[in-house]
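All chains are identified by letter, namely A, B, C, D, E and F, in their written order; residue positions are counted from 1 within each chain.
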Amino acid sequence: MIAAPVVSVADRLRIEDLYAEYSACLDEGRYDAWPEFFTIDCSYRIVARENYDRGLPLALLSFESRGMLIDRVYGITQTLFHEPYYQRHIVSGFIVKPDGNAFAVRANYLVVRTKAAALPEVYSVGRYVDRIVEHDGSLRFAEKICIFDSELIANSMIYPI
Amino acid sequence: MDLLRRDIELDWHPDACARVPYALYTDRAIYERELDRLFYRGHWCYVGLECEIPNFGDFKRTSIGERDVIVVRDKSGAINVVENRCAHRGVQFCQKSFGQTKTFVCPYHQWSYDLRGNLIGLPFRKGVKQGEKVNGGMPPDFDLADHSLTTLAVESWNGVIFASFDRDVAPLRSFVGPEVGNYMDRIFDGRELTLLGYSRQRIPGNWKLMQENIKDPYHPGLLHTWFVTFGLWRADQQSQMVVDARGRHAAMVSRKNDGGKSDAVTAGVTSFKENMVLQDDRVLDVVIEPWWNGPTVTMLTLFPSLIVQQQVNSLSTRQIIPTGTDTFDFVWTHFGFKDDDAEMTRRRLRQANLFGPAGYVSADDGEVIELSQRGFDQHGDLATVCELDGRGMGGADHNVTETLIRSMYGYYREVMEL
Amino acid sequence: MDLLRRDIELDWHPDACARVPYALYTDRAIYERELDRLFYRGHWCYVGLECEIPNFGDFKRTSIGERDVIVVRDKSGAINVVENRCAHRGVQFCQKSFGQTKTFVCPYHQWSYDLRGNLIGLPFRKGVKQGEKVNGGMPPDFDLADHSLTTLAVESWNGVIFASFDRDVAPLRSFVGPEVGNYMDRIFDGRELTLLGYSRQRIPGNWKLMQENIKDPYHPGLLHTWFVTFGLWRADQQSQMVVDARGRHAAMVSRKNDGGKSDAVTAGVTSFKENMVLQDDRVLDVVIEPWWNGPTVTMLTLFPSLIVQQQVNSLSTRQIIPTGTDTFDFVWTHFGFKDDDAEMTRRRLRQANLFGPAGYVSADDGEVIELSQRGFDQHGDLATVCELDGRGMGGADHNVTETLIRSMYGYYREVMEL
Amino acid sequence: MIAAPVVSVADRLRIEDLYAEYSACLDEGRYDAWPEFFTIDCSYRIVARENYDRGLPLALLSFESRGMLIDRVYGITQTLFHEPYYQRHIVSGFIVKPDGNAFAVRANYLVVRTKAAALPEVYSVGRYVDRIVEHDGSLRFAEKICIFDSELIANSMIYPI
Amino acid sequence: MDLLRRDIELDWHPDACARVPYALYTDRAIYERELDRLFYRGHWCYVGLECEIPNFGDFKRTSIGERDVIVVRDKSGAINVVENRCAHRGVQFCQKSFGQTKTFVCPYHQWSYDLRGNLIGLPFRKGVKQGEKVNGGMPPDFDLADHSLTTLAVESWNGVIFASFDRDVAPLRSFVGPEVGNYMDRIFDGRELTLLGYSRQRIPGNWKLMQENIKDPYHPGLLHTWFVTFGLWRADQQSQMVVDARGRHAAMVSRKNDGGKSDAVTAGVTSFKENMVLQDDRVLDVVIEPWWNGPTVTMLTLFPSLIVQQQVNSLSTRQIIPTGTDTFDFVWTHFGFKDDDAEMTRRRLRQANLFGPAGYVSADDGEVIELSQRGFDQHGDLATVCELDGRGMGGADHNVTETLIRSMYGYYREVMEL
Amino acid sequence: MIAAPVVSVADRLRIEDLYAEYSACLDEGRYDAWPEFFTIDCSYRIVARENYDRGLPLALLSFESRGMLIDRVYGITQTLFHEPYYQRHIVSGFIVKPDGNAFAVRANYLVVRTKAAALPEVYSVGRYVDRIVEHDGSLRFAEKICIFDSELIANSMIYPI
């Protein structure tokens, strides 16, 4: 079923590196660095699988520029009261296809949430459907959609996925 | 559900509804009485929007209290609500959240029901022929009519569907009453609605805390930095706190002002960020709609199960489904109007970033509700203090008040006999 | 386990056992009485097969009700069953599911027991010498004999091991009775068994629902498409519903026919797939075995804890371990006979694809049981309807009946005094 | 401990791609496409770790041909009543060894199950022990064994792992 | 917490405290009485070390029983303990485990409290001016002083902080008493402490089982192979079992000997490994510290919530936080002394490999506690046997005894009136 | 954000292989082989995230040589009573950087624990921060720190992470 990969090994590994750095950034709580993973005019959306599958346009969050991501960071660090928690991202199953000068990438993700004095819990699971572009030698997300199976959210979702 | 069937001892503070005993949020026997008296008897509960099931055979599943129900449109176009529980041996037979069907067939023994919930047939009812012999079958006096699904009373408020297990419940409009009904009609005037999508949260707190939250005009200007900073909600706004004759339903009505600093309401408000500016303010691209006639915000609470939100251009229903003393599911249905243009639809969707489980001005409501419940769980024998704007009940012409919460508990005590 | 120790109020429908109150599946106090009267007193519960522990010192862990027990073969070859709970300070000392040992030693203070459960020694019982002084030790009147493990009554039915906490329980054969005993002897005639393996499921439903499921010949031809389509089970088959004198144990006995269409039993059966064909039908490569003497299927229910399955060439015991009002563990042990050739063993293993947590004709039994429990949990004060083939009890010469379920509850009411 | 890999980088990545496509196929519910990942005379088995470790032959499911896989798909889509659920596969720890013209592959898997109106739950965890062969330029499973630690199954297992 | 408020029936064996009924570990009503009488009234509970919050404004969160509290150092340097629950509507307002602040502000409506727990302000208390009109605000008779946080009694034992919800509790030193107090002073003599770090476990067992475990000198030489093999603890060691006048607090005091074989105490002790040698014995690099004055091990139990450990060079406090009948959280705080040199600090940290959730001689304590609870849960109506060294109470001059456990239950019965 | 990788593809894959073999060794309970993954004078530490982040020196376990690892294996197999359990490691998000002759590697891990007759549970999640060295053609851990988010441990931790 699987033909020889058309994406170079170097690119393939750089793409996996991008996801690794992205996860580390979020899991270590370095939110200010998070918008840097995206292009200026990026699109970032977190969408419930039921809305995605049924073609309903509502997103849990829908941002249309890096500016909106920066505003989100301000929100979660300055304005949005919440009980703090750790995130831990596990990402696997990369499917990388060339898409013009960009790469179309899909992967499965699992995020474990741990609150102080509580046991860890499976918090969000789903699929990334992304478009990655290269610009002066570095890769960034032009588009990132997080489609989550876990439609019933354990109270709230504060930090990015 | 293991019914505790025990007496409830509660001693109220002399100030009664200005002091809500923690036990109301933690006691299992009280919770069971709430299911019976508030969700299963005497009240209309929200079950959905007509635009979710536009055609013959369309159905959706939802819950009233802890009982699973199916909302389905029949051939006549009428909407029926039946309990999702087979009359034979109890199977919760329907497992799709949404779908299309002409009959309901239980998987276990294939008893089948029409879309009104009538039992229309069951296998081998007259027995099975084996040579000359006829084996089994139902007793001669077995009457299909005795074994329909539980069917509920149903009414639609211009496209908003309510149902009740209590066939003797008062008509929907008199249940809601004119005071809050006016604000229902303002949004739901018969225009066709369009479905934008769902958000679902499981909030680890007692279900009444969500009713309180939307009857509490005290908190938005304090908890929700966004609101106060951008003037979407502040203590000095022109507001009306409307309540029905019984004190159970309410409307918080307000008109946005220009935001920014104002010593009266921002001085010492630590959540106020004077110099907060957005990098990309398209989430706040508000356009006044003609039908508003003034108010920019109307938050309606229809006791016990529904909240209707109009926050500038964002519209949603929010359904409360209790799942225990200390947890409930909260289902958001965002909608628009058939005649919205693409621009308006995009606007409603952008402003949706403010709401729901991740929203700038509502993710934190879920958080404080969880933390309230934790406070109650720490120690059972205390009471909250709801004395802002006095200890009385009824409406108000401003938002510096907890009167709507007191009013709700006035009604609650009466119905719950507590 | 926090004993509720409260009275149980139940009002039965006039048709009694034809209408089972939901409370029987949801009420904690009823459940606790079941543990006491059905699992811990007056009944034999299944604990395993002799072929699982062939040699001296071999043991396995399992449970009777909520009590953990160890089944072990001692030097004499006899099988003992002891409770897995140290007499000293209660430690569930044995943590291996299967193993080999000569004694049981509790890790906490190393009290040690022989394979019959007798306390044979404990450290420092006579104290510890320190110079002239002797420190500590057990009191002079401390008698090892007073501190054995709980030991259970044990009997083997030609290799099938049963145990009871109740030393006064009736002998196994009279407990089972001749009616169902015959079908036990048909499979377990003394031939040596071989162990093929285990499957384990945790089913979120009341344990009795599994007993009902295997006393319910009404459902297989309807729920299990495979059965009806391939004629493994259908409503027009020659069947016997056998029940013991007390109504608690039963056998569903049936003879496969050729499958395919037959208006009497497939017309309108939505689960029937007329033109279903298998790409690879080796899972249905059935070979008649001489010992069958006719029946192709015998499903035995030994109340409260055991189901014995012969479905054509597939053989298994299925153990019911209650873990709450709304959940039980279900353990499948597949076996064959010592003298099976490789072909027959492969055949039994292939047909095992039909059974167990993923099986074509039993994964859905777990599903409908879960959904029944959900139905009961929705509302506590209703009852199921079990009126197929009338409202009486006893056996039947066909499978269009719910009589076995009614019979079980007749017995249940008597023992539970409900 | 780890010597230079004897499997080419290209093959190694193609094998990871195969697992990614396999997971995506199941997680997106494209069951009809699932048998295509296997050879005609494949073997597919789901086995409880206790049976595997003790040498007991019983499998939860044991299929001996692609035909049986097609029959299983028919079963889960047409005949086997069940409450629908989402699956999400996370696979990591690939150990790839050449085995004649085939590849012997082991990997750890985790499957999260999400039912409607319920929180996500760890459903099945274990190890894949597989043999992968190449046939006219594409890779397929000649043998796949899913050995699951999670011996106590949360009610039923309907969809493939 | 849903209070069961029901009577408790318990029948004690004639030997009373030598036989502890399982119900004490499983009964919800008993547990609730324990919270009330042992954790919230009449007792001091451990909340932390002063070195955790050295500066003005430093705070930490912890729990007493099921109530969340904040331990904070105020401007005067004094330490205050307040309940983490807003007086307004119950929010558990503080969500950081550790931090630095000058006031506590509740997020919901920004009621603010000083570090002593006094309510110092709330928004819109005097209402909000709108033109001439003043809207809302608190009633005229509303007095801030009536709405402080719950403040607890606080005392420090040379840097070890204790608190009580009961303002009438006896002074800390008389609560502890001189017998065990001496051993507290031996470690906590006023020297400054340094914080090394935390370990946290959730142990699925009743909280009292941990008190028993550290009042049980019988088990270390048997369960903990390491101890007996390396002579850190054995039955023939010089030991003192010290108990306070009421029987609730205790000290197990012992002096290490050389380890290796000794028929008296290792014969037949299956956990003893005669020829066990370490590849790298730096974890056992013990150096005698001058302040020991003899004992190498002192394990103190301060009822109900604290264990203080000195095992050679390893020092920790262990806090017991009950979270239900069958579960508790166990928090380890490892510490050293300000004047430890780098070598000594490294030594304490190395020896920490023996302790905590993964430690060579304490991971298994958590395991046996879990297994004890399972034993109790299997069947409710039995009792443990604690008869080593007789059936009496009080101290002992050796470690072959269960007297400290009996003493604890003697006190327990008196306070619990059971 | 991601520059071209400076670690060769071969090394990168060998490092992933090392983690795969390491996980398989633990998940299959081959504890005697576990110390072999480390250098003679290795450092292995399991540290609660709160201690790590706050600079507190306490570790859950802290070993300073392969000898101590061998002693730990003796402990868990011979002396430390415990209820046995299965582990299943899922590791993703490798960030590999050269560090002198060594490699500095970070990755996210998730360990699922399954006890007999119980459902699987998320047991430990966190991050590996490791140093890997090569010695006569094979890779070993010179340093391995497991920093766990799941600070509240479900009773005990017996086996290595």
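In this text, a residue touches a chain if its C-beta (ideal position, glycine included) is under 8 Å from a C-beta of that chain, and two chains touch if they have at least 3 such contacts.
None of the values given here were measured: they were computed from a predicted structure.
Engineer: Among E-F, A-E or A-B, where does the C-F interface recur, judging by over half of the contact pairs matching in residue number?
Structural biologist: Selected pair, repeating C-F: A-E.
Engineer: As a quick test, compute the distance in whole Å between the mean CA positions of subunit B and subunit D.
Structural biologist: The computed centroid separation for subunit B versus subunit D comes out at 42 Å.
Engineer: I'd like to verify one number: the distance from the centre of subunit D to the centre of subunit E, where each centre is the average of its C-alpha atoms, in whole angstrom.
Structural biologist: Averaging C-alpha atoms per chain gives centres 48 Å apart.
Engineer: If I count partner chains per residue in subunit F, which residues reach a count of at least 2?
Structural biologist: 9, 81-83, 90, 92, 110, 116-117, 119, 122, 151-152, 154
Engineer: Where in subunit B do residues touch at least two different other chains?
Structural biologist: Touching at least two other chains: 95, 97, 107, 200, 202, 223, 271, 329, 364, 367-368, 371.
Engineer: Chain contact topology under the given definition, line, ring, star, complete or other?
Structural biologist: other
Engineer: Can you name the residues of subunit E that touch subunit F in the complex?
Structural biologist: Listed in rising order, the residues of subunit E that touch subunit F are 97-98, 195-204, 223, 225-226, 229, 271, 273, 276, 278-280, 282-283, 329, 334, 345, 349-350, 352-353, 356-358, 360, 363-364, 366-368, 370-371.
Engineer: What residues on subunit A touch subunit E, complex-wise?
Structural biologist: 81-84, 116-117, 119
Engineer: Can you tell me which positions in subunit A touch subunit F when the two form their complex?
Structural biologist: Contact set of subunit A toward subunit F: 9-10, 13-14, 16-21, 23-24, 27, 36-37, 86, 88-92, 110, 112, 114, 116-122, 137-140.
Engineer: Taking the touch rule as given, give the residues of subunit F at its contact with subunit A in the complex, in rising order.
Structural biologist: 1-5, 9, 12, 49, 90, 92-95, 106-108, 110, 122, 124-127, 149-152, 154
Engineer: Any idea which subunit B residues touch subunit E in the complex?
Structural biologist: The touching residues are 9, 22-23, 26-28, 212, 218-219, 222-223, 235-236, 264-265, 268-271, 325, 364, 367-368, 371-372, 374-380, 382, 384-391, 396-401.
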